[in-house]
Every structure is written in structure tokens, then in C-alpha cells.
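All chains are identified by letter, namely A, B, C and D, in their written order; residue positions are counted from 1 within each chain.
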Amino acid sequence: MNAGVVEAKSLNFYYGTFQALKEINLDIGANRVTALIGPSGCGKSTLLRVLNRMSDLVPETRATGLLKVLGRDIFDPGYDVNDLRRKVGMVFQHPNPFPDSVYENLVFGFRIAGVRDREVLWQAVEESLRAVDLWKDLADRLDENAVGLSPDFQQRLCIARAIAIKPKIILMDEPCSSLDPIATEKIEELIFRLKENYTIVIVTHSMHQAARISEMTGFMLLGELIEFDSTKKIFRNPCEQRTEDYITGKFG
Amino acid sequence: MTEAAMKEIILKAEGLSYAYDRPGKVPNGPVLDNINLDVERGTIFAIIGPSQSGKSTFLRLINRLQEVTATGALSGRILFEGRDIYASDYDPFRLRREVGFCFDKPLALDMSIAENITFGPRLAGITSKDDLGAIIEETLRASNLWDEVKDRLSMNANRLSGGQKQRLSLARTLALHPRLLLLDEPCSALDPISTARIEEALVSMKARTTCVLVTNNTKQASRLADRTAFFLMSKLVEVGPTKEFFTSPRDKKTDDYISGRFG
Amino acid sequence: MEQEFQRSNTFWNRVGTRLCMTTTYSVAGILAAILFYLAWKGIGRLSIGFFLDSPIDLGREGGVFPILVSTLLLAAVALAIAVPLGVGTAVYLTEYTKESWVTMLIRFGAECLAGIPSIIFGLFGFILFVVTLGMGWSILSGALTLACMVLPTIIRTSEEAIKAVPASIRQVGFSLGATKSQVIWHIVLPQSRSGIITGIILALGRVMGETACVIFTTGISMEMPSSLFDSARSMAVHFYILAREGISMDMANTTALALVFMILLVNLGATILFGRRYSR
Amino acid sequence: MSRDDRKPDAATVLETHPPMPGAPATAKDLSRREKIIQQILSLTAFSAVFILGLIIIFVFKAGIPLIYKVGLREFLIGTAWSPTQGEFGILAMIVGTLEVTFGALLIGVPLSLLTAIHLSEFATQSTKSVMKPLIELLAAIPSVVFGFLGVVILVPFIRETFGGTGFSVLSAATVLGVMILPTIISISFDSLQAVPQAYREGALALGATPWQMVVRVIVPAARSGIITAIVLGMGRAMGETMAVIMVAGNAVVIPTSPLHPCRTLTSNIALEMAYASGDHQKALFATGVVLFVMIFLLNVLATALMKRK
């Protein structure tokens, strides 16, 4: 049950000459919510983006050390990065639906994988919308342009789009930072439900959010993973002074 | 309060309300709603409040900068040294020379350091090199920047650091020798050291230049201000001597805000 | 099945990206070939004398001195007319108006003007300046016509440059007691000068390379012009006549090289001086 | 510069100096001056519209009477053009213009779009920084020079490869196809660049290959800008004169093969303007009117497309 789906051993990551991640050792278990917290610029988003190699988008990056996702070394030159990204879905800080219909957004993952069977597509659309609790709102608005939806709906649609192709892991990069408190609460509920079927890694700047939704929490500072433990322990009884300083608001 | 009565009131807002014009849209309430307050000469007056509370708009109305960027409806009066600045015969250009304004972001004009400072005076008609030189030195000293830039006055001001640019903005504003200085979160983009230098500068010249300081940082208000006002949702909630204001606020909302319960 | 599709995805990805890359290098190759060809054919007779001598025997021998002078005169007068109008329009559009039907009309006018082919400017210049206003074939007629032609370029580049000046910088000016025109003159225009100058250079290139509308309005006289009311011949027109009438292929090659070289120099100068270029 | 010896107070400096002599002192004077400046600027702002109006008035006034005299139908679909004999049919020129224009698009559009996509999505920063200025230089080369190169390189090549004289629709379309490259590349590049990075991330995060991302997300999102680019390139090709005159052969016939010579509306004007007079000259202006209307419609189309963005 808790087999490591992400395993990092002395992982280093560089943007040009700048070292963004330093000697990260990490073991993320399945079907849990793992939160990464830390002040801005600490490398938590970089770590998240390395997990599905979205970090490739920035030119002149380099990684050393070992990073196994779903049991395979993802920096292996023969590894198919598109396949990785299909298995490791991602939700971004700002909702980013494509400027197309709700339907097309949801089936995008299938279209690029060459699935044409209408039955399959319809089923996936319904399932994924139900999963994010949008089915009754959007069932008869599937032709509408997704860009016209409210930010809350857009973000949930993006989550639906990510889970439509049934990934194993979902990465979330501050998914609530552009939403109001009520929408945030909805997304948090959703994360709670999703963890039964998915492994979720979430980057958040809100410690309260981390405390509310995650089982495991990693605290990062200046590219290092200072402490990684159960959320309870991190927030109640951290081993490191720096973690405690951050949690109690002495800096950051 | 008795002491206040003895001091000269340099700025007075009487029943001031303001709402933006939104052509084609239903107006969604005023940005400022019936503000009444006095600022005494020779003091630092701080305005605190969460974002969107109307405090920046209030500041921009005082030197009529608001009308340059937006249109809106104003009612009530603002009196500067006893005269209504929105009276039809009031000269806004002169007003802006007498009431300086310092922005939240460090903004250097794309010219040399010296030209940045002499920009206002030159527009005001001062042409003598000696006089301009004197103004440059005097204002750079007053804003704690002189020692850092005295050897490179002809360098483009955009090459200064953020903190230096902000002090340059202060110097540029002081070059017109304003009697009232409006500061709109002047330290929000600065590191603690630059902030400290700006704060020093404000305190050292407050006898000559009265300051109205809008800030997000309640600690800064409590450090610097003689009197503090709290704006919330377009309304002035409370105003009073800073000490009293922070130790025993009369209004529950003020208490909530300064103790960090919201905002 | 999915594996199969995956392989075809990878295949098409490779085909698509390589196709794009090959095309890009071909386009670069075409340009390089053009420049190389011009240089190779024209360099033989290019000398200082070519620029400083008068043409002999319809241009079979000698140089292009009066033609060069006419070209520069034409360009200078055209820009002297177009630049104030264009920059003024840009300032008005960005600083003095909100988006309304007035700005829509002005922008639409400029867009349409930008799309009109030079031959129609030629007809227009001929009927208005040459015939109706009685200026005859002259540098002035040509320059006025060219000014109309490059006006939209200058408007558009200046507008972009002025828009790029942040609003906050303008407010600094106002807060120091400046009036609107003082803010524009002392802050906005100096800060957007590189973009504006780039637009002017772009227009200069177009003026120097234009043929169709210059023939109809300035004529083809090879003499040194003594005033703006004289007919004259620009470099581009001279080149066209040399090549089209088969007067001398050698001289045509050299003139082409000189013309392209001048225009590229002006453009390159702008790129080096101001870095960024506004295209279109 | 040390000024420690004397440090006058800025306040005294300001107070002892009255405003600049001659400078307006009061708010009233200032605002009057501002108003005058604004009025002058508003006058210059209408210069473009004014010039457009002048062009329409003068060109139409010179051309329309002849269209009336000949009859619009006869003028547009007549195939005989001998203006000295009173025959004014420009159908051959209209067809020639359209053929050359579409030929140019056929050649230019794929090249430009693929280049724009490469530069925007795949190229390294260094390729970009070399290619962008190079392509802008291509735009700076005068059209006569393109025509000349067409004559000395392309026309002989086509003559030897495909037969015929070489002066043909194909030559003209090829030269124009190259000439419109910079226009289409730079505008579509800009609109590709305007597509938010978030769309790229969204597509890749779902496992799309870069090419799928471009075809399915980026190009559709930049669609209106790309169409505008093509329409503007089309306008440029349609309006080009000198390059076409030099390579198209200029015979007044309706070309039925890419290797046939043709004459466009623009070259019709440029070729005969030098010696035309009377009705002949008016017919050339009328040709200009037809060209103007075609281009104008294209521009309206382009503006409408741009607004949709």
C-alpha cells in the first residue's frame, strides 16, 4: 500500500550554474497527500516540476542523482517523457484550460493518445467531471468555451482534465493561490476524495492548507529538503529548529 | 486634543467621498465614504488599512494626482493650508509642487541622477547651475543617498538599486521643497536596511515637511507616526494619537486589524 | 495498439520539428544567397568614385553622385513631413484619447493607408501634387507622396514605443508639477525614443527602396537637382532603368549592391544602436 | 564636486526664484497652452484619415468616369485591352493578379508558418537572435532588387527546367512568395509568442509531444493572428508592382498555365502610365480603383480578424 511511488536519492538540480535543489532524499508513498512547504524561492515548485520533467521546459537545466518515479529512473535517456507525463498529471497555479470547449479540454489527453472511440471519450468526460463534482453544473454546457468559466470551475476542470487519462500521481502547484476561500475549500474537499485513488503531491504557500489536507509534509529551504515527516510531527514537534522557526512565523 | 488645537492644521478633509466613473457599468459603491480628518503641520500622519480600503485613493486625491489617471465623482472638500484644492481657481500644477508624492514602487526617470532631481525645479523655472547643484546636494543628503552617489551624479538613474532608487524618488520629491509630503507605501518594495534609511530621513525632516504616510505595515506606522488613522472598506474607522491608537483602540475593528486577525 | 500510436506520435513529432527547422534554415539560406549574389556580382565596380562621380552615357559609365544626393534629399524631406505627423498622431492616440470611435477611425485609416499599394500612392501623388497642385515632377511631389506612404509605419512603431512607457513613470512627472505636455515632452518621448527612431529608420529604408511611386512623382532626370522643385532620379529608379532597359548590367549590379548595402547599413545601425526592432 | 563651503537651502532657492521669464505662470495660462497643444495634436492625428480620404477622392475622381463610360461590367469582364483603340477590358489583369497572388501564398505561407513555428517554439535563443534580424533584413531589400534577381536567376532557371520563356506566373509567384515571407513570419511569430505559456505547460503535462502541442493547442490559439498575417501578406503580394513587372512577362492574356506570361493590375498601371493620356490615362486610374477596392476589402477583412483576437 505504501510502496514508494517517488523515490529520490541525493537529487541535485541546476538552472545553468544556479543550484535549485540540493541533495534531496525523498520517499513518497502511494495514495496519500504529500505537501511541500517553504518560503518562496526554496525550490518546492522546482522539485514538483522535476517529478514529471516539466523542468525540461527551461533551457540549460541539469540534474544529478537518482529520481525514480513509479519504479523507473526518469532521467534515463531512453525514458519516454511523454509517457511519464501521462502517468504523472499536473495542476498549475493558475487555471489553464485551453481556449476550446469544455469537452475538448477533457478529451485532450485521449486525442493526443489517438483514442477516437466516442463511447470511451464520453465515458471519460462524465467520469472525470463527476470526480471533480462538476457534472451537474457542466453536463449541458460541454460546448461552452472553457476560458469563459469562473476561476473555480476552470481549476476544477483542469483537475478533471488531468485525471481523465487516469494518471497514477497528480502534482499540484499551489492550486488554490488564485482562488477565493470558498473555492479553495471546494478544491481541498476534492483533494480529500481524490487521494483514495491517486497519489497527490501538492506545493502550497499556506501552512494551514498543508496541515489540513496532507498526511506527509516536506519543509524546504534554499533548495534543501530540511525535514520530511508526517504532517502531525512537522507541525507539532519538528526535529529541526529551522522548521519550527518557519512554522511559527519567525521568518518567511 | 488640547495640544492639537494649538497647532496649525495643514491638511483637512471635510466629508470627503469619492467614487470611480465606470462608463456603462453600475457604480459599485464609493471608494471613499465621508472622510473627515485633520493633519497638523510638523507631524507624521500614518494611514493604515487592508488593501482596497481606499487609503491610496485618498492620498492621490490630496495632490490631485487621481484625476490624471482616472475619472470619478468627488464630494466634500480637501483644504490645504486653508484653501479648497478642488476650487475652480486652484492651480493643480502649483499644488503638486507644494505637495510632494512618493510612489510605492521605486521609479527612476530614464535620465541621470542629477537630472532626476532637478526635473521638478527646472520645470518650476530654476535654471542657474549653482542653485540646481545646491538642490541636488541638499536633497540627496536629506534622503540619505549623497554618500553613495556623489561621485556618479551623471550616471543613468535606472542603474541604481531598488532601495537607492526609492531614496532618489524621495530626493526628487524634496527638490521642490514641498510643505506636505505624501508617501504611498514607500517601503513596500524595499529591504529592511533601505527601509530604515528612508524612515530616518522622514523623521529628520518632519519639522519642515509634514508627512502623510500610507502603509501596509502597522509596525512602521507605530514607529514613525504622531497620529494614525485606520481605513476599512472606504470608511475612516478610527483616528488618534499613535500611542493611544495602538495601545487602546476604541473600535473593535481596529483592534482586530492591528492584532493581525484579518487583512 | 496504444504502443503503436505512441510510436507514430514520436515519429510525427520528429518529422514536424525537423520540417520546421529545415524550413527555417532554407529561409535563412535564401536570404544569404541573395546577399551573396548581390555582393559577388556588384563588388567589382564598387568604389568611392562610384558614389562621387556623375553618371556618363545614361549611366553606362561614371557614378551615381547626383542620384545619391536626390535620394537623400527625397528621404530627408519625406521624413521631415511624416515624422512630426506620425509621432503627433501616436501621441494623440496614446495620451489624449480613450478608446472610442475616434481612435478606431484613426487606427482604421492608418491600417488602410498601410495596406495601399505603392502604385496607388504613385497615381495619387501624380494626380494631386504633380498635376492638380502644379508642382510637376519634382523632389517635393515625390517626398510628399512618400511621406503619405510611410506615415502609417511611423504611427504604428511610435505608438508601440509610447505604449511601452509605464504609466507609473508618467505619474512621477505629474506629481512633480508637470503639465501633460511637459510629461510627454520631457519624460514619455525621451523614454520611447529608441522605438520611435527604429520606426523612422524602417521608414527611411522604405523610402530609399521605393520605385513605383517615385517614378510617377519625381520623374527620372539624372541631373543634380538645384531645388526641391526639380525633377530627379532616386537610386532605386536608376537601378530599375539600368536593369529594365538593359543599359548596363554591370552598372545595374553595382547600383543594386550599393542600394541594398545602404539600406542594410541603416537597418543594421538601428539594430545595433537600439537593440530591439519593431517589425511589420 | 564638493560644495561643503556653501550649502544654500533648497527652500530659499525656490522662493528667491520666480518662475521662468516668459513661462506661463497661472493655471489658466497653462491649461490654455495645454488645450492648444491638444488641438494641434488632434489635427495631426487625423492626417492619416485625411490622406486616405484624399487618395479616395482623387484616384476615384480620375478613374470612375471612364468606368461609367465603358460600363462597369464591360470594364471588369472584358478581355480586350487596347486603350488606344478604345477597348478597356481588364479581366486578364484581374485573373493575372489573383493567380500570381495565390501562387505567392502557396509558396510563401507554408515556408513562413513553419519558420515562425520553429522560431517561436523550438529554436534556441541563439538561433532566434540571429534569425529574427535576418528576416527583418529580408523585409528591407527593395522590391526592384527582388525583381532583378528574379530576372537574372529565376527566369533562366524556369526557362531551362520547364521550357517557355521563363517570364511567367510561376516566376512572379515565386518572387512574391519570397517577398511576403518577412511579413507573414513576423506577424505570426508575434501571435504565437502571445499564446500564454500556461497552454504549453498544460498540453505537455498531459503527455503531448511538442509537435502535438503546436498543432493542437498553440496554432489554434494563435489562429486569428496567423490568418491576419496571411491576409496582410496577400495584400502585399497583390499590391507589388516592380518585382512583378520584371518577371511576369506582362502579356495581356488570361494565363491558363503557370508557365504562361501574365500581367497584373499593378503592372498594367506602371507599364503604360509613362505615355498614357486622355481616356487611356483615365483607364489606368480606373484600374487603380479596382485594385484599391480589392485591397480595401482585404484590409477590412484583416481588421475584422484582428479585432476578434
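Throughout what follows, a contact is a pair of C-beta atoms (placed from the backbone, for glycine too) under 8 Å apart; a residue touches a chain by one contact, two chains touch by 3 or more.
Note that this is a predicted model, so its numbers are computed, not measured.
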Taking each chain's centre as the mean of its C-alpha atoms, give the chain farthest from chain D. B
Per contact tally, chains sharing the most pairs are C-D
Cα centroid separation, chain B vs chain C, in Å, comes to 47
Quick check: how many Å separate the C-alpha centres of chain A and chain C? 51
Whole-Å gap separating chain C and chain D, where each centre is the average of the chain's CA atoms: 12
Within chain B, the set of residues that touch 2 or more other chains is 93-94, 124, 176
Could you pull out the residues of chain C that touch at least 2 other chains? 9-10, 179
Give me the residue numbers in chain A that touch at least two other chains, ranges are fine. 82-83, 112-113
In the complex, the residues of chain A that touch chain D are 52, 54, 57, 59, 82-86, 89-90, 92, 94, 96-100, 108-109, 111-113, 158, 161-162, 165
Can you list the residues on chain B that touch chain C in the complex? 63, 65, 68-69, 93-94, 96-97, 100-101, 103, 105, 107, 109-111, 119-120, 123-124, 169, 172-173, 176
Contact footprint of chain B on chain C as seen in their complex: 167-179, 182, 186-187, 190-191
Provide the residue numbers of chain D that touch chain C in the complex, in ascending order. 30, 33-34, 37-38, 40-42, 44-49, 51-52, 54-55, 58-59, 62, 110-112, 114-115, 117-119, 121-123, 127, 130-145, 148-149, 151, 153, 178, 181-183, 185-187, 190, 209-212, 214-215, 232, 235, 238-242, 245-246, 266, 269-270, 273-274, 284-285, 288, 291-292, 295-296, 298-299, 302-303
Which stretch or stretches of chain A touch chain C in the complex? 80, 82-83, 112-114
